[in-house]
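These are the structures in question, set out in turn.
Shared between the two complexes below is subunit A, which pairs with subunit B and subunit C, respectively.
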Partner chain A sequence: MKTIRQVSTLQFTLMVSAFQISVAFLSLPRELARQAGTDGWIAIFFGWGMATLASAALVKVMKNSPDGSILDLIQRYMGVWPSKMAAFIFMAYYLLLAYDGFMIASLVIKLWLLPSTYIYVLVLLLLIPTFQIAQHGFQVIGRYSEIVALISIWIPFVYLTTLRHARWLYLLPVLKDGWLPVLSTVKIMFYPMLGIGLAFFIYPHLVKKEKALTAMVISNTLTCLVYLGITLVCYVYFSPDEIGKFNDPVISIMKSIELQFIERIEVPFIAFYLFVFSCIWIPSMHLVSMNSAWLLGKDKERGHLAVWCFAVAVSFFIYRPSFIDVARVNNFLNLAGFVMEFALPVCVLLYVAMTKKVRGGRRS
Partner chain B sequence: MMKERSANHEQEEQITPCLNESIGRIQDMFTDTPDLIVRKLTIKQTGEKAAIVYMEELTDKTCINHDILAPLQLESGNPSDDFITNVGYVKPESLWAKLRLNLMLGNSVLFIEGRGTAYILDTKGLPTRAIEDPQQEPSLKGAHQGFIEIGSQNIAMIRRYIPDQELKLRRYIVGRRGQTAVTLMYLEDVAHPEIIKVFEERIQSIDVDAIINTGELAEFIEDQPLALLPQILTTERPDTAASQILQGRCVVVVDGSPSVLVAPVTFMSFFQTVDDYSSRWSISSFLRMLRIFAFFIAIFLPGFYISVISYHFEIIPMKLLLTLGESRGQVPFPPFVEAIIMEITLEMLREAGVRLPAPIGQTVGIVGGIVIGQAVVQAGLISNVMVIVVAFTAISSFIIPNQDMMAAVRLMRFMIMVLATWFGFIGMVVGMMTIMGRLITLNSLDTSYSTPIAPFKAADWKDTLLRVPLWLMNNRPLSTRAIQAKRQGRNRGWKEKQ
Partner chain C sequence: MRWVKTLSAVVMGCTIFLALTGCSNDKTNLEDATVPLALGLDVIDEKLRYYISAPVFSRDIKKKSREGGGIAEGLRQSRNQQDAQFPGAVAGRNYQVIIVGKKLLQYKDWFKVLDVKFRDPRNTVTDRIIAYDGPVTDVIHFQAKDQPPTSVFLRGLIDSGSRRSTTVKTTEQELHRQMHDRAITPAISEIMIENGKILLKGTTLLSQEGQYRDSLSYQETSLLQILKKEAKPGVSLTFPVEGMQEQLPFNTDLVSFSIGDISVKVKSSHDHDRFQYHIKINAFISITEKFLEYELLENSEEMASHLSKEMKKSIEKLIDKFQKHKIDPVGFGLYARAYHYPLYKAAQDNWGEELARAQFHVDVDLRIGATGAVE
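Our next item is the complex of A and B:
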């Protein structure tokens, strides 16, 4: 067995958190506002609760397989063919996540920064560092997430400066339509919390496996704090009527920031935010190549990664997505993410528990 | 097959007791070598005939005359000695191959009639220069001593800072024809044994004619010699080398070269100078942050200018926009061509300044900087903002203390300029991502290059952006994987007594 490269707890926390924040950050306030008006921020707490429960189930599942990923676990308990099927499903799921990430990033770039550049050229450009970093595995991706977290520390403070124009009255009255809109908004909170599924594959690489659950709770909390912050900032800035009308309220809010030496600060901001965007497609592409390598039984992940990067670029050449496609994919990912990262750990946990009981019963 | 056998036979050939045969053999081996001296003499003590053989310019002739010839020919002493000499190092040797090698290194060989072994005497007297301030790494407050070309003297200069018996040396001979002595120095109870093993393995697997300079050795033992960023630190200062050994790293001294190698190092090691630790902590921290800031400016400023002018002019404030527009309006070239012309001109000036003798070099620098810059703006070929950008970039790259890192920065700048020309800010960000990706995947002798930034080691941040006061740096940096971590106790103990 090849040597497993170690991922520290901090790297794990930041990897999961960055994965969760990266694409949902831009659209979350709008989505919450459309569903629940100005009470949408309460749904974030429910999202946190669900993610924590799912993380607990996930870590419990992975405790059964400390040296292998979820695919090894499935292979051990269910056989080779179910594990190959699982690898295929994971591959498709992470491919969709990566495609979603590339799509949102390149559409936002096309909208705000480089309108005349072809979208497949942008995607091809973004694939260069992806290939370079994703080929080395989770240790390097963890380090990358650490650096990105370090250089993104200033972003919350920038948003706090927009509170100059805040009107806290927009938030009141709390729960004006009752609990029902809030509870029905909870169903769209799955997409922003996607990322806990990374633990399926990172768990064997962790140095301190006993801290895995703590790390996941911390990263969920960090993500939800960020979401809460940005949602509240957007809600107090935009009026309740107009917030559902902006595609990217998070970027539009930057128009209120005026500096003496630079105008249109959202332009360098989006360019900089590309670092955080990359935290979703780099681990996703790595997982796609890992799963496809598992399917074909070979170890050449790098070759698989090259093929998949090329495939993604070609797909953008063939079909040019728009923001409507983004909405469609996000909705689908909401459901798919619920199945893959929330329902699947619970199912696998139940299956493993039952199998153990049956096997234990047989032995005794 | 025949040649191999005779070569092996030659390696094992021993001298015979006959003196005339030995002298004849030496003269056969060293044809076309007029600087080989064969001096026949009679030893007074025993009356035996003997001959001393040495290379004229490689040896210390005073030593030969006073310490070998004089005692042998004039003194008669205790008959139980092999022979009388005042030389410190004497070694009996009977293999022709070794005798020949030692002659070429500057030692003398003494043949005595009737004895089956010859004697090698240490009489090395290679031409050397005085110890001076290292040119490339001057310091304001540190010692003004730099390494010279004699390996043993360099080792002595380092030993002076660490007179500890744990300072161990391992000597290797590298190069078939060069036979260069490469010495690995480390503290045995501090340096990680795995690192020493990796070093040894890499040095011993070098099969080359000769190593002329340390840079060649660095290229052979580096993890990724094709990468732009250096992974091994070279220094010409004994105090830097000693300080790195004390932190837990290993130093390689190459005979014949005034630079030594230090490994394993991290990215931040290239921004540390010896003055940081002898100046006050506040100014050291400020300069450290200035250097890192200069690193980013030197790489990204031309690209930033190009992308702002070409793609994102909407971020420039109105007043500046008018000035920029006016200065750019006269220039016939697109921003990228303008930038490339100025950058290449600057690189040529820099390279020319290296080769010219000091007074002319300074004049050329001033002429190039002021006159060409001014003339080119007045001719309308380049905008004056571009000249400012290029000058600022050049100054920033000069702030970086290490030559290899400076060279890497100069090259990365061009890559970022190209990306900025094609894709504006996005190109620059992708370039930054690629550079970050390179940093985090590089290893220096199997240890991570980008620590303490990633993987994040909080304890090592004491010497990264800031240089915290020395009495807080109790442990050696984690990046060296030292097996003995504590390096100081309370060094302000007097304060507590007050």
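Our next item is the complex of A and C:
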């Protein structure tokens, strides 16, 4: 495996965080409120805990393969065919994640900004920069994530201005119906935390591999702080009885901001959010091309990426998704993501440990 | 491999070109649009009537706005009808004010008429909601030589009024919140036309379903805003001080003061099978006007306690009014929900009734901080 394109710890941290936040933050406050009312924010802490545990397992697995991705690891421990199967599954999984990102971004733009523009036109426009960035691999994606993080720092401050209308009493009482609604909400926290699986593929590129776990804990914490902030801002602005009625409370809340010179402040925001949204599909498209290149023999990732970008564009031309489809895909991704990024690392870890023991036993 | 690069450049160029032409449909030239700034809703003969007023930008036309209207089943449904009355497509997206006739306020759930404003995100939701007691067409067609277009004028009226707490600043979004939150009932601004002038009248209180309940004067509105903790410093109140009352063209027993720092503490408890509210108001005031002969310097404490008593009386009267109408414009329910959730939850669907049974203990402590530049 080539390791020329190295990724720094900061880039890794931001890549994972941006992947997690990208499109998930739009609907998170609504979903949490629908499930657990104003106590939904507590579930974010559980999400953090689970993601951190999964990250620990992930890093532990990848320690067995410092020079190759998860596919190399599987090939080494299980053989060629299982690794090809894994590549296929990962490819499908990341394709779905990228598709999900494109779907949400294009539908949000269509609803809020350009109601009579076709979705496939928007997706086509988004795919051009995607191709340009994704073809250069993780190092460039990492730099891109750094830039996105840098130019997004001011966003939280804008949300803080809505606190003028805040009613903090909405948050009380904490745990109004006990722990049960909160615990049952934890199940929707997988989808917003998806992204830790990137470590499967970035780990071999890391400069400081010993800091991988620290970086992941930091990125999980960062993500959860963002979620917590945005959720609480929405909760103190919208009354508990109405928040479930808004599809994108994170955007709707901005309509309350009145400036002298601009009437719909959310318009520049959504356009700007495209940077943030893109952090899910750019790494995903890269991984899709990487996995499909693995399936059909290595070293033609760029061609694969072009084909996949084209395929995505065509798919949006043929099939035009709606918000209802998004909800379905999100539901499925919540489950699929749990399997791929939370359960899989643990299973692989157990398998590797067992194999090592058996092999070690034989040798001695 | 050079042909690959050329080909990809050509393909990319074509896609960008196609995409740009795709976006070109998605714009409206200002010349082709009519932008109504005021929306009026009323009921005549049990049918929903809408009125819109759009500014006209032309130097040759004396009248600065053009009005339209008609019978509608829904705002969006009536769009073709609106288009028929104006040159250019009517984009009902930038309303500054929505005037609601009192007749419409007799109907339950009239707020649902405004559904399109929330459903189509291109619409603004910061337009002020204003109640008017009378035919809304009078307000929409109101013309005065010394007044900017009615829509802009009304918005200014509400904004400056709410800054002084003589009316509430209820935007559409805020009304959405007050309508849906079961722990609070809505309050919107109210205007009237008197002697050929549009005037701010105070506040209209609505029930949970949006039906008209009662109106508040300026001073009552100020007290409501104080109770809601939304009063900004500078609220001006006037109370009578018992004493001599001479027959002069102005009332001599009135003392006016403006409130500086104000702290409002609301404590809730549940006792004797009903909610108990303890409201404690502490404020520094400065006397701004007094006519009667009264040694303020020596008797300032007496004056303060007198004004406190009067203010307490007014607040109690105001709360009595709320209880009589079974409404909760202050949002006492928020405290009940926050601190007595199980009890509140049992009563949340009939919170107005529950609040009518509640007991209030008001405590006002005013301190005179300044008496002005003259004795």
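Keep in mind that, in the parts below, the second predicted complex is superposed on the first by the 361 of 364 C-alpha atoms of A that agree within 3 Å, B and C clash if a C-alpha of one lies under 4 Å from a C-alpha of the other, contacts with A are read in each partner's own complex, and residues count from 1 in each chain.
Convention: a residue touches a chain if its C-beta (ideal position, glycine included) is under 8 Å from a C-beta of that chain, and two chains touch if they have at least 3 such contacts.
Owing to the predicted nature of the structure, the values given are computational and were not obtained by experimental measurement.
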Q | First (subunit B), second (subunit C), both or neither touched by A:173 | A | second
Q: For A:238, decide between first (touching subunit B), second (touching subunit C), both and neither.
A: second
Q.
Once chain A of both complexes is superposed, is A:125 in touch with subunit B (first), subunit C (second), both, or neither?
A. both
Q: Determine, under the contact definition given at the top, whether A:261 touches first (subunit B), second (subunit C), both, or neither.
A: first
Q. Looking at the overlay, what does A:317 touch: subunit B (first), subunit C (second), both, or neither?
A. neither
Q.
Going by the contact rule set out at the top, does A:45 touch subunit B (first), subunit C (second), both, or neither?
A. neither
Q.
Looking at A:8 after the superposition, I want to know if it touches subunit B, subunit C, both of them or none. Which is it: first, second, both, neither?
A. first
**Q.** Which superposed partner A:115 touches (first subunit B, second subunit C, both, neither)
**A.** second
Q) Both subunit B and subunit C contact which residues of subunit A? A) 114, 117, 125, 128, 263-264
**Q.** subunit B partner contacts - residues on subunit A that touch it in the complex
**A.** 8, 10-11, 109, 113-114, 117, 122, 125-126, 128-129, 132-133, 136, 140, 142-144, 146-147, 150, 260-265, 267-268, 271-272, 274-275, 278
Q | In the complex with subunit A, residue positions of subunit B that touch it | A | 311-312, 314-318, 423-430, 432-434, 436-438, 440-441, 448, 450, 453-456
Q | Touch list for subunit C against partner subunit A, complex | A | 12, 15-16, 18-19, 22-23, 25-26, 94, 121-122, 124-126, 171, 173-174, 176-177, 180-184, 331, 334-335, 337-339, 341
Q | List of subunit A residues in touch with subunit C within their complex | A | 111-112, 114-118, 121, 124-125, 128, 165, 167, 169-170, 172-173, 176, 238-242, 245, 251-252, 255-256, 258, 263-264, 266
